[in-house]
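Remarks on the structure that follows.
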Amino acid sequence: MSTQESAELSRFRQQVRDFIEQNADEEILEAGRKTTSFFPPFDQVMKWHRILHGQGWSAIRWPEEYGGTGWDVPRQLIFEEECRRAGVPLLLPQSIAMVGPAIIHYGTEAQKKKHLPGILAGEDFWAQGYSEPNAGSDLASLKCRADRDGDHYVINGSKTWTTYAHHANRMFLLVRTGGGAGKPQQGISFFLIEDLSDPGIDIRPIIGLDGVPEQCDVFFTDVRVPLDCCLGEENDGWSVAKYLLEHERGGGTSFATTFRHELDLIRRLAGRTGDGFGGMLADDPVFQDRYIRLALEVDTLEATEEVFASMEKGSPQSGPMSSMIKVTSMEAIQRITELAIDVAGSPSLALQLAALTVGSGVEPIGDEDALTLMPKYLNNRAASIFGGSNEIQRNIIAKSLLR
Amino acid sequence: MSTQESAELSRFRQQVRDFIEQNADEEILEAGRKTTSFFPPFDQVMKWHRILHGQGWSAIRWPEEYGGTGWDVPRQLIFEEECRRAGVPLLLPQSIAMVGPAIIHYGTEAQKKKHLPGILAGEDFWAQGYSEPNAGSDLASLKCRADRDGDHYVINGSKTWTTYAHHANRMFLLVRTGGGAGKPQQGISFFLIEDLSDPGIDIRPIIGLDGVPEQCDVFFTDVRVPLDCCLGEENDGWSVAKYLLEHERGGGTSFATTFRHELDLIRRLAGRTGDGFGGMLADDPVFQDRYIRLALEVDTLEATEEVFASMEKGSPQSGPMSSMIKVTSMEAIQRITELAIDVAGSPSLALQLAALTVGSGVEPIGDEDALTLMPKYLNNRAASIFGGSNEIQRNIIAKSLLR
Amino acid sequence: MSTLNQETRSMLEDSVNRFVQGEYTFDDRKHNLKEHHGQSPDHWHTFAEMGWLSIPFPEEQGGLGGDITDTLGVMKVFGRGMVTEPYLSVITAARLLSPANYKGEVAELLDGILSGERQVVFASEEPGSRGNPLAVALKAEPDGTGYRLSGEKIAVMHSLTAGHVLVSARSAGGYTDEQGIDLFLLALDAPGVEVTGYPMMDGHQGANITFNGVSVSKTQQLTGAGGAAALILQASSESLLMLASEAVGIMETLVRKTVAYTRTRKQFGVALAEFQVLQHRMADMYIETTSLANLLAQTASRWLEAEAPQQAILASKLKARLGPAARYVGQQAVQLHGGIGMTDELDIGHYFKRLTSIELQLGNAEWHRKRLWREIAA
Amino acid sequence: MSTLNQETRSMLEDSVNRFVQGEYTFDDRKHNLKEHHGQSPDHWHTFAEMGWLSIPFPEEQGGLGGDITDTLGVMKVFGRGMVTEPYLSVITAARLLSPANYKGEVAELLDGILSGERQVVFASEEPGSRGNPLAVALKAEPDGTGYRLSGEKIAVMHSLTAGHVLVSARSAGGYTDEQGIDLFLLALDAPGVEVTGYPMMDGHQGANITFNGVSVSKTQQLTGAGGAAALILQASSESLLMLASEAVGIMETLVRKTVAYTRTRKQFGVALAEFQVLQHRMADMYIETTSLANLLAQTASRWLEAEAPQQAILASKLKARLGPAARYVGQQAVQLHGGIGMTDELDIGHYFKRLTSIELQLGNAEWHRKRLWREIAA
């Protein structure tokens, strides 16, 4: 559903398209095709990050003064549409879309100078340390703590579900710095850790349902960090985390654009897949009905993203709508991946870790488009768990309705 | 899905079929066609009840000594299948399937002698008084009370959602007879009221979503009833109610047989209804898929009914499975009525109370098969509310799982 | 984006709000249904006086100079009040008379409509046509000076108080073909026109209309021969757009009322609102309602830039998304109210019935999904 | 009803239970996957020794004289243990060799199967055939003394340890025709047979097998020319029946484990089991599981009286109902376990993956619903 685009925007679109075509090499495109989660293969996505940085395009939503593009919303969307169209991987959100904006908003000049250039350039990758083994969606109950010792903090405890920590050189995390009294959210600080190679830090990858490590457990034993690693006020990390969360939901990538790409892929595959009675699945009205249902969910999600983008953050409506975006987008992608495996059928059951590895040169068994579908289905079961489970989001919505 | 039937059962089936054909007159068949809820039009269903009684077939699940047929389960099912096939109304459950079995199980000889013949013959109709204005699915919190005064009780309070009370001459109800201490279920008695024409009893029909009165509010003001109106022990009415409930679920009519009939009707209608593109809805694979989904739910329900029928009542499995039958059957019929209005489309929006009245002679607007579909859809919204809402049933199942 | 300025729109919406809150309470509505079949002449007079009937018509024809998206605020508030007056029917039909056909008798009729003295409705649906406005079987056979119309229209809304009807008929082409459809304007009491009226379960008035070889002249034909498809699609798209706004008004009301009810009603000694299962049910009611509202907002903002075929797609998307949303919200509002939600006495059941009616009118979600697939596959 | 007496069935089920609990713990399974691709020769030896391989074969052929429904207890317990050995594959394929074909080489092979020394599997599925066992495109072209086979089979289960394969091929008739299908028995190392094996995401072994003009003689043909449809449908129906029982075993396990987990795991200071939303989720897991179990029980009780086409319908009903049940229970088990349910370390995710695999094998629910409509519409 596209309406007329102004000549100026069309020129911009062409410029983006040309740049991608000239700069995204086969390895990067292969990584795009073999992306099976919200997080593309690490080496290739960082390589692409650095290429975009060369053009000044690595932070499309940052203010210009910090090295961002300064693009308006239509340009941001066009950029992402073209990225999806070309099939390049989307940049990892942890550095650019999460900790970066938080540093811009809460950081001291020194912190900004120290951290932003590496994020922008794709030299650093930041892991996110929120969840703990006994605090899943319940962040406020975290136990990892930092005690002051002279001009340092000493961190002890652990974090889990830390995406790509095994690839990261830096990490932002929530730690308990205050006493036990008051609300459990109080006394939490937001730390920036500069060096994950400290011997007190032990990073252990967790193998997921899809057979590959994406998340990690991270253990801290007497890890010393300087006092100025604290972003925002000590004991006020909860505010930083909340800011970051809302920023992430509203200002992040459009889910709708990404999901539409998945639907296209499924439709293509259905056009090549037999229905068991001599016809093709794409000609089956039952498939068509499911496809349109999901396409409509994606269109609706896009409308909600638009409404949310123009909404004042922190208003009474923005809270529940942010939760609603989480619920509807994650349920949409889960249902899309269900349609995908239903279309692919039994051929999607083959476990093909080698063929899925970028640069392995191993040919997939069966249709190449079907290669990623089962890993996506399995990986996306987490979509309704991580980042505040869908149950938590519905609690939040109900709470705001009943207020 | 029918397997081979023995010659003996086939003869029985033929006998039932012949009897119905010879005895169900046009008025009764019209009532069958114009049944839009679990409760057929009153006058005609009671007429049919009396005709069946003449043959000794009014109580197919009662023991022979009390005037029942003594049929085994296959014969009971065949009888019901043939009734559905012929389209005669199913007998009202309140007398035959609810209070009757309770009197047989808990009644004194005097109570049996006094009440069973009228129930059997269809001379009496018993209304059920359980719910109260502030105790929906929460029966134990009822407030209608009876105080002893010499050799009588004096009843004060009210009941609601009392089906067909405006047609009834008798009523069974739960009243509070004991003190306030202990569990709220304690101190409740099960009363049999012989005469609803008492001036202290005020019956007010409630118009439902479908525009007709089916339920009633019943108010009691200083209504005097003799002490022997109590079924079972005083203050132990909860046991009677529980017995009755389980009896009703397990021993009642097979939902599957009834629902299959509704699906047949929808399929016939779809075969005559255009799809807006020049074809017929019955040829649309999307319709077919929905139809088969529901047919499968009905088959599965039938399997569950079979398993439940052979299960020892009161066993650890029978409780949750009884709740499961309530949930799955009510959700199945709700989804069936949804398919029905989707097939019928906008013609089902006409309000046709006169055409729906048996014997009115008013012709329906549009397809006759479509006449009842919207009333059924609306009426069946209550299926997940009454008799212990589906939420309550899921609570019960969860409780038994977590025990 | 809309044509009227924000101030005018706000003023209009305020005036509708005052009307619904002041003169269209649930009891008023009951009375109106009993005494006037839900179509009180007094109310209609108010509609004209307040300018609501003039919103989407050119100023040179006595209108306010707005467009169809400017009526969405009215429809939303009408949803809250469950207004049964023929606003949508008359507006979308009258739009077909303006501006291209504004001359002679048509101009006179349109003037009468804007002043509230006359009404016109559009008869489009036929048995088995579902939501397809191009599935026209009603025959227009040329005879000498004009045509003879034969066939049946069903689910014609609000013809009770209308003097004229616009009717689609086929003079050429196969069933569902775009070419060969005509649109005729005729009096409802013309010879051979047989109207069977009936109340609908949502309080609105419907009718089936049979045309028994009705003679119409070429002057009653609104477009060139066989070329009415564009106008017909316009009426269908605009009706769907307005219906969606009414639905949003109803659904927002049901969410609000259900939340309020569960806070006061107790079961097992606890307010219903304390039960997490019901909380999540209400969260989902909110999600469905807000999803439709957001899609409607986006659709409205794109409406005026879109060509007719594009509007048809936008309208189908709205209706396809409306179906499951309306069904879920309506059903859950009843479920969470329990028995009382099943009664005629409480407003909840009436909102539910109106939503159900909206769902099924002009093609249900399933049908519109089929239409959408055909569009993207084409 | 089953052929074996209740006592024998109980004994068998007890022995399987002991095996799974004693020798097939989650750690044992991991080891078996790593060392033996999930198909340990020792385990297979046990299967033979305990008589499990002999259950549904006539006594005169060395079997226990049971029927396919007598294997359902074994399959259910195998579900609980997520057993990856080729039991289902070998049993259903071997049933095609017995009793009609029990002579000569076939008899020798069947003897070897019952004693656990040899294995045979059935290659039926082709690209795009979904669950339709009659959608056979693999060609059997007559040549002099026999046939030449050309084409591809996919998702062939457990050929890794098998010496022989039964393959369906078409010598006449159109795609999906019942007539014209043949069934050939051949060695997996026959010239022109090309096997591409792979592990599957559920730990089982699969393979695609290409036949490059493979020569087979008429003695390798299991039925009269073109008349193998009945046998092929039998293998398909029996496989579906056994799969359903395995699924029930898995689903019951997931309900039990999820209930147990939610009682101990706390969030916001409260056990997960205290949250009503999760309680209802578990109630629905119970309902889905019990529904399938009841349908399976009824199906099994009607199985032996049913003719082959009737069995195909019963099997399709089971698989069509299995789909949504397995998906719901598997997904919710993961969801209620939260992050830990997403890990390779915990058994929950592996049960989920096996259920997903069962769902997609031999035609998914959607396909079987289509098949059922064709049956009732015919």
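Here the chain labels run A, B, C and D in written order, and each chain numbers its own residues starting at 1.
Here, a contact is a pair of C-beta atoms (placed from the backbone, for glycine too) under 8 Å apart; a residue touches a chain by one contact, two chains touch by 3 or more.
As the structure is a prediction and not an experimental result, all values here were calculated from the model.
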Per Cα centroids, the chain farthest from subunit D: C
Set A-C beside A-D; more C-beta pairs touch across A-D
Can you compute the centre-to-centre distance for subunit B and subunit D, using the mean CA position of each chain? Integer Å is fine. 42
What is the distance, in whole Å, between the centres of subunit B and subunit C, each centre taken as the mean of its C-alpha atoms? 39
What are the residues of subunit D that contact at least two other chains? 275-277, 280, 366, 370
Which residue numbers or ranges of subunit A touch two or more of the other chains? 285-286, 289, 391, 394
With touch defined as at the start, can you tell me which subunit D residues reach subunit A in the complex? 125, 127-132, 135, 154-155, 175-176, 196, 198-202, 206, 208, 266-269, 275, 277-278, 327, 331, 334-335, 338-339, 341-345, 349, 352-353, 356-357, 360-364, 366-367, 370
Spell out the part of subunit B that touches subunit C in their complex, as residue ranges. 131, 134, 136-138, 141, 160-161, 206-209, 211, 215, 273-278, 286, 338, 341-342, 345-352, 365-366, 374, 377-378, 381-382, 384-386, 389, 391, 394
Which stretch or stretches of subunit D touch subunit B in the complex? 255, 259, 263, 273, 276, 279-280, 282-284, 286-287, 290-292, 294-295, 297-299, 302, 305-306, 310, 313-314, 317, 320-321, 366, 369-370, 372-373, 376-377
Interface with subunit C, subunit D side, in the complex: residues 275-277, 280
For the complex, give me every residue of subunit A touching subunit B. 284-286, 289
